[in-house]
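Heads up, there are several structures right after this.
You will see chain A twice below: alongside chain B first, and alongside chain C after that.
== the complex of A and B ==
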């Protein structure tokens, strides 16, 4: 829908790209998660090296009304370090699997970051003043000999260069035997859940030595294991409701008021299998890699290998909408299984709220976005049913240049500007994308670069 | 290796049942594809990432795929064909060891499975004499379609005992989790193992002991035949013993 005309269509323009230019990707620089905070002013990324980089949006310049503020590095810190589990003789990766921001309550910002085993609550605070003029201390901190003090003065705060400090306030450890795939903050803003392959735990943000197990799907015999938890999220409005998705393509909605251990779901969302599409890979491609509630909580979106599905919480037996992300890959599943690409976990996201009040405004929940291969990402407009494929590439890096829609030629004659399936680069995958909560600004992570696109403001 | 000889056999064998599969022109190529998919899947399962814990989701999905293929092959009747072909010893042994190890995980840690294990062990040793390590592997893999779900050990043993032991372990796990999260949790996280962890450990053990893997596993499970009790103390002792063995390897 770029350039297609019409009041609703968003024209996406390149804004910025962050990260190294080299083709040689350092393993530690691989981006593993991207998340805007609740205001959209801050954008956090986590990488395989355990680092968190936070970008801050510049305050909008009133005179420069044709572009929204740029994002610049605000804070960088090492969130997780590699660890070694001596008992199992295995390394625990420092890769940041997820970051989730807490809503802002005071001057400081808080976020939760997690690797496979440990969740940490980080406080990011600014310091732009420092006290000067102590009586008993020199400016460099050395203590003065009290006998040399002849006059007294009152210390004052003087401005200093802005310093952004990140400090770990809580460490939630030792509660997960398996690898954590999700964290989700409850709408009560006091508790959160963490989910690994087989279990989901409920934590209180203030308490680190205790967590409650609310879902446990580990069978008594591990050899009976046929299904794992792939993602989990709290309902945005109901603090006792959460969902979790599985590797078999099901989503279970649970209510914590029903019992302490929510092993029995309140609702089970599952689409019956299409017998005409059945293959040995059917189960693998049905495995859900991400689940996201809409803001209202009425709908949820799931991502499986080939499609994005929108579910109405009131209807369990099938999704209300299904969007094909890259259906041309269905005939290539065997190769994708061989090179392990079939196990790639793509995320998906909803659009934010359009803060501009227009006659035809793009409301939240009307567009969904997800990534694909060859550094392509896809957007689906739920109202117009139109979709577009865009590319995150340094070739289009002139600011305010509208991105050209891309097209993959599935079979037959390849038209000009189309790309054939066989030329797709499966190493260039976009797994993580995020949409600004209030504006039409999106962050798209390629392997080691972060692209920021904005809509063309007229 | 596996594929070529098999394919011929399969093809020949299927001339008899071709009638039932009539109309599908691509019989050989479908079976070939299916076989190579099976092989690929087994290789994927065997490739343990020795440094970092393997992805459990991926392992489960691959294992489910293998199970699907095996079920279909069993229904087709093509599964039986695998028996008769002799192939590289090494690869089969590795397949067998993975099979046992992937299935055994917790069971080997629990003493009460010695009796059934003994049965299995006997089968293995009985066949060992002949040229039938292949037969053994096929026996174990023929069992695989069913036993992937419920293995030999499980069928021999009353569900209850295992359940009790499991429950008491979980109780310990939860109580202790609250008290001293650090080292004790690690202790239990070792026993409370994921799909692959014990596989990795035991593979290490196997290379240390010169015995066959079965013997190795036997010492592992040798401690006692004591009936399960929900007594925390005895469970802790058993766990200590298990950890000792694991740590010593």
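== the complex of A and C ==
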């Protein structure tokens, strides 16, 4: 729907791109997570090298009404280091799997970042003043000879160049035997959950030496293992409710009031499978790679290899909507299995709330976005049922130029601007995307670059 | 199972493709792909999501080295070459002993992310 006209259609324009231009990508530079904070003013990225980079949106310039503020580097720090667990002979990657922001309570910002084993709470604070005029110290810090002090003065705070400091405030370690795939902050803003392949733990943000296990799907005999947990999220409004998805395409909703260990679900969401369509690949492509609640909490969205599904929490037996992301890949599954692409974990996200047109069109929950290959990403408008494919590429570099929709030719004769399935670059995957909570600004991560797109404001 | 990604283009046998488009009229694309895979790897197990596959996924990151085994193996083959790394560095079967070369190298110090540059 980009460029198609009509009041409700968003026209996406390139705004910024961050990262190196060179094709030779160092493994550490691979972006592994992208997340806006609750106001949208800050945008955090995590990478395979364990680093976090936070961008801050510029305050809107009154004279430059054509574009919303640009994002500039605000803070960067090493969140996790590579480790080796000698007892288990296990290499622990420093890759940041997820970042989740806490809502802002005071001047400082807080976020949780996690690798495979350890979750950390980081405090990001600003310092723009420093005390000057000490009696016993020179301005450069050297101590003065006390005998030369003849008068007393009161030190005062003077402005200084803004310094942004990140410090780890809590380290939540040693609670996960398997690899952490998700963290989710509860709506009580006091607790959060962390999920690995087989277990989900509940933490209190203030307490690091203890966590409660709330889901455990490890079978007594590992030979009987049939499914693993792939993602988990707390309900946005109900602090006792959370969901977790599995490698078999199911989602379980659990209520912590029902029992201490939520091994028995309150609801099980599963789409019945057509047995005649079952193949070797069926289970693999049904594995859910991401689950996200809508803001209202009435719906949730899941992403499996080929599609995005919207579920109504009141209906367990099938999704209310299904959107095909790249159905043309169904006839390429053999190759995608051989090159491991079939195991790629794509994320998905809901649109934010457009403050410009609050009562019309682009309300939250009306558009969903997800990535694909060849640096393509897809958006589905739930109301108009239209969809669009866009590309994150340095070729569309001019700000305020509307992105041209892309089209993949599945079979038959390829039209002029189309790209054939066999020409798609499967090394160029967009796994992580994020939508500003309040504006039509999106962040799209390619392998090692971060693209920011905005809608064209007229 | 992983083949190098190379240029990113999928390798397709065009002769097979023609056959498949005819087959696709009656056979769903997934089944056709399954047949292709089984033709290439006849020993492939029935259940892809089964316990072996999942357990391998859970074991990601496991590295093995036993200095006792390594030195015993070295002593056994005094005149011959030192045991060398097999094709799968993490596989410990039979006489294959993980060697110091198999161990993860200490990663070089990290620089600032290029996103912040």
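Following the convention adopted for this analysis, the second predicted complex is superposed on the first by the 453 of 458 C-alpha atoms of A that agree within 3 Å, B and C clash if a C-alpha of one lies under 4 Å from a C-alpha of the other, contacts with A are read in each partner's own complex, and residues count from 1 in each chain.
Everything that follows uses one rule, which is that a residue touches a chain if its C-beta (ideal position, glycine included) is under 8 Å from a C-beta of that chain, and two chains touch if they have at least 3 such contacts.
Here the structure is a predicted model, which is why all the values come from computation and not from measurement.
*Asks:* Overlaying the two complexes on chain A, which is it for chain B and chain C: clash or fit?
*Replies:* Chain B and chain C clash in the superposed model.
*Asks:* Looking only at contacts as defined up top, I'd like to know whether chain B or chain C touches more of chain A.
*Replies:* Comparing touch counts on chain A for chain B and chain C gives C.
*Asks:* One more residue to check, A:138. First (chain B), second (chain C), both or neither?
*Replies:* neither
*Asks:* Taking the superposition on A as described, I'd like to know which of chain B and chain C A:423 touches: first, second, both or neither.
*Replies:* So A:423 only meets chain C here.
*Asks:* Tell me the contact category for A:51 with respect to chain B and chain C: first, second, both or neither.
*Replies:* So A:51 only meets chain C here.
*Asks:* Taking the superposition on A as described, I'd like to know which of chain B and chain C A:210 touches: first, second, both or neither.
*Replies:* A:210 contacts chain B only, not chain C.
*Asks:* Pick one for A:23: touches chain B only (first), chain C only (second), both, or neither.
*Replies:* So A:23 meets neither chain B nor chain C here.
*Asks:* Does the superposition put A:179 against chain B (first), chain C (second), both, or neither?
*Replies:* In the superposition, A:179 touches chain B and chain C alike.
*Asks:* Kindly classify A:284 by the partners it touches after superposition: chain B alone (first), chain C alone (second), both, or neither?
*Replies:* both
*Asks:* According to the stated criteria, A:87 is in contact with first (chain B), second (chain C), both, or neither; which is it?
*Replies:* In the superposition, A:87 touches chain B alone.
*Asks:* Quick check for you: in the superposed arrangement, does A:161 touch first (chain B), second (chain C), both or neither?
*Replies:* neither
*Asks:* For the superposed three-chain arrangement, which chain C stretch in 3-11, 21-29 or 39-47 runs into chain B?
*Replies:* 39-47
*Asks:* Once the two structures are superposed, pull the chain A residues common to the chain B and chain C interfaces.
*Replies:* Common interface on chain A, chain B vs chain C: 88-93, 116, 178-179, 197-198, 222-228, 247, 280-281, 283-284, 287, 334, 337-338, 340.
*Asks:* Show me the residue ranges of chain C that touch chain A in the complex, using the header's touch definition.
*Replies:* 1-5, 7-12, 20-21, 24, 28-34, 36-38, 40, 44, 47-51, 54-55, 57-58, 60-65, 104, 107, 110, 112-117
*Asks:* Could you pull out which chain A residues touch chain B in their complex?
*Replies:* Residues in contact with chain B: 85-93, 116, 173-175, 177-179, 197-198, 209-210, 213, 220-228, 230, 247, 280-281, 283-284, 287, 334, 337-338, 340, 343.
*Asks:* Which of the residues in chain A end up touching chain C in this complex?
*Replies:* 18-20, 28-29, 31, 45, 47, 49-51, 53, 73, 76, 78, 82, 84, 88-93, 116, 178-179, 197-198, 222-228, 247-248, 276-277, 279-284, 287, 330-340, 411, 421-428, 448-450
*Asks:* Spell out the part of chain B that touches chain A in their complex, as residue ranges.
*Replies:* 33-34, 37, 40, 44, 51-53, 55-58, 60-61, 63-65, 67-69, 102-103, 105-107, 147-151, 154, 162-163, 166, 174, 177-178, 181-182, 185-187, 189-190, 192-195, 197, 200-201, 204, 243, 246-247
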